[in-house]
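One structure is given below, encoded as structure tokens.
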Amino acid sequence: MPPMTIAEKILASHSGQGDAAAGRIVNVSPDIAMSHENAGLVSKIFLEFGLDHVWDREKIVIIFDHRVPAESEKTAAGQKAVREFVKKFGIKNFYDINCGICHQVMPEKGHVRPGEVIVGTDSHTTTHGAFGAFSTGIGATEMAAVWATGKLWMKVPDSFKITITGKLPEMVFAKDVILHLIGELGSDGADYRSVEFYGDTVSGMSIPSRMVLCNLSMEMGAKNAIVPPDEKTFEWLKGRTDKSFSLVYADPDAFYEREINVEASGLVPQVACPHAVDNVKPVGEVKGVKINQALLGSCTNGRIEDLEAAARVIRGKTVHPGVRMLVIPASREVYLEAIQRGILETFVQAGAVILNPGCGPCLGAHQGLMAEGEVCISSTNRNFQGRMGSRNSSVYLASPATVAASAVKGEIADPREI
Amino acid sequence: MEEVFRGRAWVVGDDIDTDQIYHGTYLPITDPKEMAKHAMEYVPGIEDFAKKVEEGDLLLCGRNFGSGSSREHAPMSLKYCGIKVVIAESFAGIFYRNAVNIGLPLVECESLPGFAEPMDIVEVDIKTGLLKNITKNTEIHGAPLPDLEMEILEAGGLIPYMKSHGMFPGVGAGA
Amino acid sequence: MGKTIIEKIIGGHAGKEVSAGDRVWANIDLAVIRDFGGPNVVLEFDEATNKGKVWDPGKIAITFDYQAPAKVAKVAENQRICRDFAIRQGIENLFEVNCGVGQHTLLEHGMILPGSIVVGTDSHMNLLGAVGCYATGMGTTDIAAAFAAGRLWFRVPPSVKVIFEGGFTYPATAKDLTLEFVRVMGADGSLFRSVEFEGDMIDNLPLSGRLTLASMVTETSGEISFFPLSGEIAAFLEKRSGRKIEPVISDPGAVYEKEIVINIEGLRPKIACPHTPDNVKDVREVEGVEVDEVFIGSCTNGSFEDLKAAAEVMKGKKVHPRVRTIVTPATSEVALKALKDGLYEIFMEAGAMVTNPGCALCTIGHPGILGEREVAVSTGNRNFIGKIGKGAEVYLASPVTAALTAIEGKITDPARVLSKV
Amino acid sequence: MPVRGFVHKYGDNINTDVIYPGRYLNIFDPEEMAKHAMEDLDADFLKKVKKGDFVVAGRNFGCGSSREQAATSLHVAGIAGIIAESFARIFYRNSINQGLPIIIAKGVTEKVNDGDEIEVDFETGKIKDITGGVEIQGTPLPPFVLQIVQNGGLIPHLKKTLSGS
């Protein structure tokens, strides 16, 4: 058998093939199929099949997060329809409006395991590669087909090997590393590729930090991103899943279309400027840009270590009077821990708004939208034009520490200087 | 200013609140002509009011018309869809002010119940409070509008009234 | 002739003696705009005055609570209009999207004093009657005019006296008293009246309970309500405002249109059924109605004491899996206290969701909208048709009843299940 | 079989948010979706587009979200196919699954202008610019994938293949 990458191995094992060399089209059986509110669209399409059952009630996961609680009658009606579908078809894993962002709730509730194939109707489904899974975003029609048949065609992707070495300097985080990479590779630099992350910086990273890498790999076009599982992975999963899983690692001489090395110790905080995620600059070049809003949260950076990093910067200070600072813990679990660690208190005292767990204004559909001419610095994942409100507003993407530093200063600021 | 209005009567019941007159969903609208399209949309039975109402129509209501929110959209939507006078057994406080302030005449009339059927032709004198049902050839007396309200209406609303009385000291040169 | 409280307040601001029914021009102490109505006020003001100056920037406040932070771009735009106006006019009292319900925020910041006149673009401004202030909701034209002139025309409302006789104990609360009041009065029972409350229960009612009752006087179409100022509340106001507090009390011989006596001896938990706030029944009469959503918050029941009462019921329990439970502190001050006192943990561990301070789903502005035929129990003040979702049914109850209902998944009478030791 | 239509041309990295804004993601009716196609990119798009027209774009068309509404809204608005220098991967799949044919054609943005009439053969990948008188050879969809498109999208395709087996 030829040597294989992680993607090739996982897709081979999930399509009943001995090998699955890049470029081959295979019929894959996913282990988990996740949707959020767009389960409404998926179920509508699914019903066209006229089936009286779904492929597997245990393997479908539905988590409301995009518009929680419902912000409009239309959404309320959509969510209601999904609840009814869940009940009718006996979907086992349904998480209503109070749980949090799907990409955080998935691993928290034990739906993510190394070596598995996860598909989700959300582009940032790549996040779960942080646990060694092959995890990718798909469309609603495809998901309907998965619900019906349990299968999905895929072209086996070529792989990139990205090796990150060296110690991250103070106030430089996984977010800065991946923004730097996106800036280097461009928004289609890893289009349809499977990205594997290696190096002592990565193995030294916490699971949440690895989730940041995998989450944002989407923004350079990756089909999926993977960090090989290790002790930290097992430790994190302990108590969350009792199902067995297989560990999949690349063969030593597996073929990589491209190998990229990043030296972490030389990095500085990065900012993705409007209106493209690959428009990345060192924070020094955009320092001083006046902001109206600072957003901390999302599937990219709404976890406890993110809140903690921002709280460290902001503790004892106040949000600048001209700035709205919004804090959105990624999940109820994160929220509770943030209370217990006194982090939420710090934010409220500083004058921030704590929103309930969910996607918040990240995709322009919930609380925290912006008016014309306004500027937001955000720990989220996209800064497309008009994404967070008015067409003529701008979003800068940065790490939680940079967001917090900017919130205090009223303008984009270097967290190393606060 | 006109003091006597004659028109078709729309008849609604008691406690029509501002959500029924103008629903919260449409609060972001700022153009009165747009507001007019949603007038009375949540009043059961006459959801199509805004489509059928004609310029010059009159609105006859029960007790406590316009209760609820402070939204000025409520009288605004009525005024801009063509309603000339709102006549009610009683008005909620904020609605009353809002209507006068935007120049929409009101008449309070305790003996209104049973006075008119929908689409009867009704005539109202806002100065005297006299109400005539032309179709049925009957008449009743409502309360005449008090002097201050009448003056505000005559001035075309609160802002022109206060301006003409020198109450706006800080008028700027514009920008 | 003796004067009622409202006659004294309006008279004092009109510079002459006034009586019920009079039309007078009176000075304004504070004019408030929100993200609801506010932008229209700004636009009207600018047009009316040719972008002139406001009468007194120190007497204007801006609060964002209708949809804070904004969930639609248009409201974000509206808030920006208000912010720009504040900068242009030198208005310092701008309370950003983190602060919460406007009236409560103003109260916390010492900006509300007994005997003052406050106008604002919120029909529940009059809940500030709880501390003896004549606060009233107005439309945008009024407030634009107030911004320019510092005074407005008023009709002096007739006064009625409402006397509560007897008393009640937990699990009945101030909200149940309030609902009973609304039931007795009906939707227009206090139409354009100034209500003066009396009774032992009133004397002992803490500020949070007075805010609850005062806020729902609106639902009986009342213009304002007043309470005998307690020492505790006077001390609170003094501390917050840094000013000496002078209560306004009615004169002997003041003229009341009528006196209404409401017997509240042994009051049972109450609930307002769809679709009017005055459709009030005993909770026991509607026990068993299955609910989809429970909302605890609003200007009526978003005080710390309200949240605490709900938390006491929820502690160590789980909300029913079907029931989406949303808890919203009225202000950031309430939020901080609730955080410190462990209430957030109780709610979150029970499976409820805690949202940021504000009006929450009480205005359709905020998230939490219901689907068709869904049922909610809310601690808010209105359950009009379509108020929080077309075709939905809303019941209004106390935080205790709401919390218990969230756990049981159906409307449940706290008098049957709970009693305080 | 080649089909003819007019070109609406856009640049590189056209993302799903400008093709179909997030605020409309709670819409599930395709006709409704079509009313917001390209809303944040080209406000006049719906006025200009006629049934059978094509979108021609640069690199990485459809990058960003997995929202299928992006492809659906264009399709229902009348777009008969999309020709781009390259496609973002989820959009690529979503189009196919919708039955909306696409062709990757290097150099298409240099040779084809906005408003040109073109003739496209999705089976061979050949694009003829009638107005400009040039021809471009694109990469046609692999036969397996083209079959999905020809069957009208993934669901009809699966229905057909499932009932056939």
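A, B, C and D label the chains in the order they appear, each numbered from 1.
Going forward, a residue touches a chain if its C-beta (ideal position, glycine included) is under 8 Å from a C-beta of that chain, and two chains touch if they have at least 3 such contacts.
It should be emphasised that the depicted structure is a prediction, and the values quoted were computed from it without experimental measurement.
Chemist: From the centre of chain A, which chain's CA centre is farthest?
Modeler: The chain lying farthest from chain A is B.
Chemist: Using CA atom averages as chain centres, what separation in Å is found between chain A and chain D?
Modeler: Each chain reduced to its C-alpha mean, chain A and chain D end up 27 Å apart.
Chemist: Taking each chain's centre as its mean C-alpha position, how far apart are chain A and chain C in Å?
Modeler: Each chain reduced to its C-alpha mean, chain A and chain C end up 40 Å apart.
Chemist: Could you put a whole-Å number on the gap between the CA centroids of chain C and chain D?
Modeler: Centre separation, chain C to chain D: 53 Å.
Chemist: Find every residue in chain D that makes contact with two or more other chains and list them.
Modeler: Within chain D, residues 23 contact more than one other chain.
Chemist: For chain A, give me the residues that contact two or more of the other chains.
Modeler: In chain A, 67, 72-73, 75, 364-365 touch at least two other chains.
Chemist: Give the residues of chain C touching no fewer than two other chains, as numbers and ranges.
Modeler: Touching at least two other chains: 72-73, 75, 78.
Chemist: Can you tell me, using the touch rule above, whether these chains form a line, ring, star, complete graph or other shape?
Modeler: Contact map by chain: line.
Chemist: What are the touching chain pairs in this one?
Modeler: Every pair of chains meeting the touch criterion: A-C, A-D, B-C.
Chemist: Okay, in this complex, where on chain B does chain C touch?
Modeler: These residues of chain B touch chain C: 14-15, 17-20, 23-25, 27-28, 30, 42, 44, 63-64, 67-72, 75, 90, 92-94, 96-98, 101-102, 146-149, 152, 157-159, 162-163, 167-175.
Chemist: Which residues of chain D touch chain A once you look at their complex with the stated criterion?
Modeler: That would be residues 13, 15, 17-18, 21-23, 25-28, 40, 59-60, 63-69, 71, 86, 88-90, 93-94, 97-98, 142, 144, 153-155, 158-159, 162 of chain D.
Chemist: So in the complex, which bits of chain A are touching chain C?
Modeler: Listed in rising order, the residues are 67-73, 75-77, 79-80, 96-98, 319, 321, 324-326, 332, 335-336, 339-340, 344-345, 348-349, 351-357, 361, 364-374, 389-390.
Chemist: Which residues of chain C touch chain B once you look at their complex with the stated criterion?
Modeler: On the chain C side, the touching residues are 23, 36-37, 39-40, 43-44, 48-55, 72, 74-75, 78, 120-123, 125, 136-142, 144-145, 148-149, 151, 153, 155, 157, 187-188, 191-192, 221, 223, 276, 363-365, 382, 384-387.
Chemist: Hey, which residues of chain C end up touching chain A in the complex?
Modeler: For this pair, the touching residues of chain C are 67-73, 75-80, 96-98, 293, 321, 324-326, 332, 335-336, 339-340, 344-345, 348-349, 351-357, 361, 366-372, 374, 389-390.
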